[in-house]
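Alright, structures below, take your time with them.
The two complexes that follow have chain A in common; it is paired with chain B in the first and with chain C in the second.
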Partner chain A sequence: MIYLEQIPVKPIKHKTTLNDVWRGRSGYLFILPHFALFAIFFLVPVGWGMYLSMFKYNVFSQTFIWFDNYKRILSDWLFLKSLRNTFVYTFGVVPLWLGKALLVTVLIYPFRKGIRTFFKAAFYLPHVTSTVIISMIWLWVFNPNFGLLNYFMTVLGMEPVVWLGRSLTAMPSLIVMQVIMGGGSTIVLLSAAMASIPEYYFEAATLEGAGSWAIFRKITVPLLKPTILYALVMGTIANFQTFSNIYIMTSGGPEFSTTTIAYLIYETAFKNYNLGLASAMSMVMFGILVVLGIVQFKWLGSNVEY
Partner chain B sequence: MKRLSVIFLVLLMLAVPISALGKTTITWWINPWRIAPPGFPTDQAPTEEDFPKWAAEEFMRLHPDIEVKYVVVGNTEYSQKMAAAIATGTQPDIFKGPVWDTRWVEAGLLEPIDDYLTEEDLADFYELALDAGYVDGKHYIWPWNLGTNGMGTSMLLYTPDFEKAGIDWRKIVEEGWTMEEFVEIAKKLTWDSDGDGKIDHYAISFGAQDTHNLMNFIYAHGAKLINEDESKVIFNSPEAVAGLQFLLDLVEVHGVAPSGVEAMGVYDVIGNFHSHRTSIGFGGPYEIGRITRYVKSGQLPEAFYPVIAPFPHLEGQKGASYASASGFVVFKQKDDAKREAVMEFAKFLTNRENTALLESLIYLTARKSVNEILFQNDEYLNEQAQTFARIMDETGMEFFGSQSFPWSEISKFFTSAMQGAFGKTKTAQEALNGFVTEANRALSYY
Partner chain C sequence: MKAKTKTNIKKAISLVILAVLASLAFIPLYWMVATSFTQPSLTMKFPPDIIPKNPTLQNFEDLFERRIIFRWTLNSFIVAGTVTLAQIFVCAMAGYALAKKKFPGSKVIFSIYIASMMIPTQVTLVPLYILISKMGMVDTYQALILPAIAAPFGVFLMRQFMVSVPTEIIEAAKIDGASEFRTFAKIIVPISKPAMAVLGIFTFMGQWNSFLWPLIVTNTSEMRTLQAGLSLLQEQVPMQYSYLMASATYSAIPMIIVFLAFQKYFLKGITVGAIK
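Take a look at the complex of A and B:
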């Protein structure tokens, strides 16, 4: 006897025809404004960037050189170093910052609403403050001669450190700064997601004798997974493109130890006017981000409950 | 009544564009110059908008058929703004930025100004100022200011510290000082202010990102940046290494400059001098003006009056000082009438009266006749301006090659070399070797 559910069902492939488009015209009209803006401000620039990347294009003259810009950057130690720096920065910041956001969310969750709101607002505040201002403040914190951090080091009997002046400490300093200042929006998102988890899940787990750690691992994290995935992907993209703090605090130094791809693109395009080479760098960055996004969705999104 | 109102509104809306018809519009980009225009209150600090606003309005008053639209473009953002403007063909008609690019001439983007320069102009402008815009036999810059803020050109001495240490600063101003004398004096200017056994006051400070001032010491040791035909960077000669080693020793051996140079830039160095953590600063008359400006804007509690002195030199040799000049460039015009209007505006900005307004910023001008009458009512400033002009005249040189040498392509490698040397990850020789290798590699792509 063959049960109905045992019969393999092939999805019906239906070719979209012009008639279908016409029938769904009102729907297409609704998405048209968004799509037009998306095309103008995203698709066209990306396409134009791809086109430019095959030129020796320096705003004064343009020569078509096929893939020479790509060959050049892939053999350029500075580009490869900036690529490495970008990965170090991104994979240094994102897990710590996400971990911090998750920890803060879980810690403030048991408080009553007013206190929760206060903490959420406090952590969100740096998010609405200009990166320039934040960077200026941290420049003072890291100042080798009269900075706050070195002041405490001296009080504790330790030798002062040139935080942003040494290749070994400059990148970790920037990562620490970003972790401390970042995560506000993720805390708000995670708090909202956490509030949507039914309370009886936690009550049931507690009755069954589950401890806090088990509840966190088996209930909180799995049910927050869609939000965590979203924060992870967006955080990776944002941090991969980090620019303003590098520009203000280290200018990519010392000895290029904090030069990220975005900063190198800026220098190549707007200081050296080499738009073709900068476009090729942008395309490589774009490609890496696409791959990272796909990997994250495939790897983490496999058992996400939406 | 309602219909009449509508007609009136429509007419009003039409009137504005109609009134603008027939007017020639000039777009003017200028970087921030906090010059006090005529009649500006003396107890206030001018903003970057005051001068361009006044100049545009005054020119429009004199030429009612011309409209001038000015845009103040920041010193750090101008390059990307200009790159985007050139790429899209929306460059301004006239421009004054921190630097200009000779590639604009090569790309045929600029108007030569030779036909508009009078014999009187040619005699009155300093040769250095005219040369700053001289490319392939033509002039492209309407000269305006002589010297920059003085970084790499001269030093500033805080005289009370010198007097406290029993040093004759007047002799330094008048006769200069050798490198050996400089070290000995610097040692006397380094002390522990609060008696806790730790040095907290230094003679001088440096920043790895403060290129001009570091380069001065290296040039003073006889180094050359590039070879004769500007095809190769040669800044790793024994002279260059000796110059850099001298700087490193000031920090590490003599202890007369604070460590942490690798993390500092020019504003850190200025800040150290302003807060009297150091006795020797850098810069020319403009930097004296910065002190007054900071006091007026509340950034500094009280004014002080440093004197301008030359950088130290090797025994028996001439020192070095960064000499430069800049002015306004006019972008290519399709319309003859508009070209005349833009040139007229450039002449207006660089005439004697308006060039003299640079006095409020304590800048020297590109006109000899104007400099003769600057600061006549202020003996102190007059003296400093004369010293500054003398230093440039006696030891002035171009630090970054000719106008067509692409310093901007290689400057980051120099900064990196300085960070490596001061951060002690490289010796002076290794740092400069690295710079030369990377600079020549970049030049080969250029």
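Take a look at the complex of A and C:
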């Protein structure tokens, strides 16, 4: 049987005429206030940034140098190190924080609405507090001499650690802090998606004798896949740009072990005034994010529908 | 009976895990508030008091002696407030056009908006700074406000919401002879209030907590916002924890109040636009 909507309909090619533009004038008027600002303060800077990345642009000179900035950064050890740091940070934070969000979502699901809301709010609270504030608090938690963490270490009979002062522990400390404080919005997002799964799926599976783990793997995760993908892509983009915590807590140190790309771009542009070089760095960063996004969609998104 | 006991045990274990995870995030925040009421001399005491003994307002008095902090607060309110109101207004209009108006190029424009949400801040940072300084706007409110209104997310959010508004209502208004703008003001705006509330809350939060842009585009202490100002304090008096925690508490409170007051919107809001 052929359904009507299965018959391919060839759209009639219609050339846009001035008349169409005139008839759509109210649409243009409504979009204009935002689009004008968006064009000036977003689209122009994006284009200009690409152009700028081919300039030696500092206080003394503004010379067009083709791709020299790109050649320079791709052989610069600090840029490559900051890339590596950013990858370590992002791929340290994102899976752990997604795992935490999934765990919390599944655990709160069977409870009454009041308890669910309470936990959602509790996990969301750190999210409304700025990174600057969170970083200030944790700077103290990690303080080697009078920090809360080292206090617990001594109580447990362990040696105190200079958490942020050693290149071995600095990055893991920042990752742990981010995982502990983060994930609130993802929990809310996943809970909403989980609430839309029909309850009888779970009931039927339980009746069939499926264990919690099997239900989680075979029902929950596959049905939450679109939301997980969204959280994964957005989380990767956000954590790849991490800046405030680095600025407040470590200034990229010790020995550049916590210098992320975002922080390096800030230093290059606004401490050393190498604006062209910083633009080239931001373009490379953008390129990497595009590739990561495509990979994540390919990997997870094969049967996701929007 | 046996199955019921099993579920109850499961629920109890779940509660313990949830409580531990939630407290891990909550303890640092609690510690911030508790320390801000602690005598400065007692902040290095171990073990720390769970509830401060002889709580004091001394830290807040010291903080407010720095008059500049009120200027930072005012700046934060001016910037976050203006951006929020302006964004609600222009994004609602643009979202309406993209959802309900037919005009050549609308699809291309919508794709541009979607694609720009993937672009990291760092890409526009440097050129935007040069642009702002060429316009002579460094260290002004315009520099803090205008680029923030231009952010694309709000348009996407409003468009997603307005697609579901039935077109019949709009057409009925037109048949009744309402002008374009009147239709928008009297029909679309009232229907879209929930989406506008969500956008408003998230914009306000984003602006209140924004750090990188104010840090770059202001260079006098008077023009800093609260978050950028805090980082100055952190640099000036790095070890005075009770004082720093008082400043952190002070600047976190407005957002926490907003969160508790509009919790429903926060917890519902993020799902708008993410799930269809």
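Note that the second predicted complex is superposed on the first by the 259 of 306 C-alpha atoms of A that agree within 3 Å, B and C clash if a C-alpha of one lies under 4 Å from a C-alpha of the other, contacts with A are read in each partner's own complex, and residues count from 1 in each chain.
Here is the rule we go by: a residue touches a chain if its C-beta (ideal position, glycine included) is under 8 Å from a C-beta of that chain, and two chains touch if they have at least 3 such contacts.
All of these numbers come straight from a predicted model, not from anything done at the bench.
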item: Chain B versus chain C as contact partner of A:253, first or second or both or neither; value: first
item: Which superposed partner A:81 touches (first chain B, second chain C, both, neither); value: neither
item: Chain B versus chain C as contact partner of A:144, first or second or both or neither; value: first
item: Partner chain(s) touched by A:34 [first = chain B, second = chain C, both, neither]; value: second
item: First (chain B), second (chain C), both or neither touched by A:267; value: first
item: Larger contact residue set on chain A - chain B or chain C; value: C
item: Partner chain(s) touched by A:279 [first = chain B, second = chain C, both, neither]; value: second
item: Contacts of A:166 with chain B and chain C, given as first, second, both or neither; value: first
item: Which of chain B and chain C A:24 touches, first, second, both or neither; value: second
item: First (chain B), second (chain C), both or neither touched by A:61; value: first
item: Footprint overlap on chain A, where chain B in one structure and chain C in the other make contact; value: 266, 269-270, 275
item: Chain A - residues contacting chain B, complex; value: 58-61, 72, 142-145, 162-167, 251-256, 266-267, 269-273, 275
item: Residues of chain B touching chain A in the complex; value: 79-80, 83, 86-87, 101, 103-104, 106-107, 109, 208-209, 258-265, 268, 272, 277, 406, 408-409, 412, 415-416, 419-420, 422-423, 425, 445
item: Contact footprint of chain A on chain C as seen in their complex; value: 7, 10-11, 14, 17-18, 21-22, 24-26, 28-29, 31-32, 43-44, 46-48, 89-91, 93-94, 96-98, 101-104, 106, 109, 112-113, 116, 118-131, 146-147, 149-152, 154-155, 180, 184, 205, 208-209, 211-212, 215-216, 227, 230-231, 234, 241, 244-245, 248, 251-252, 255-256, 258-259, 263, 266-268, 270-271, 274-276
item: Chain A - residues contacting chain C, complex; value: 16, 20-21, 23-31, 33-35, 37-38, 40-46, 48-49, 52, 100, 103-104, 107-108, 110-111, 117, 119-126, 128-134, 136-141, 146, 148, 151, 155, 180-181, 185, 188-189, 192-193, 196, 212, 226-227, 230, 237, 240-241, 243-244, 247-248, 261-262, 265-266, 269-270, 275, 278-279, 281-283, 285-286, 289-290, 293, 306
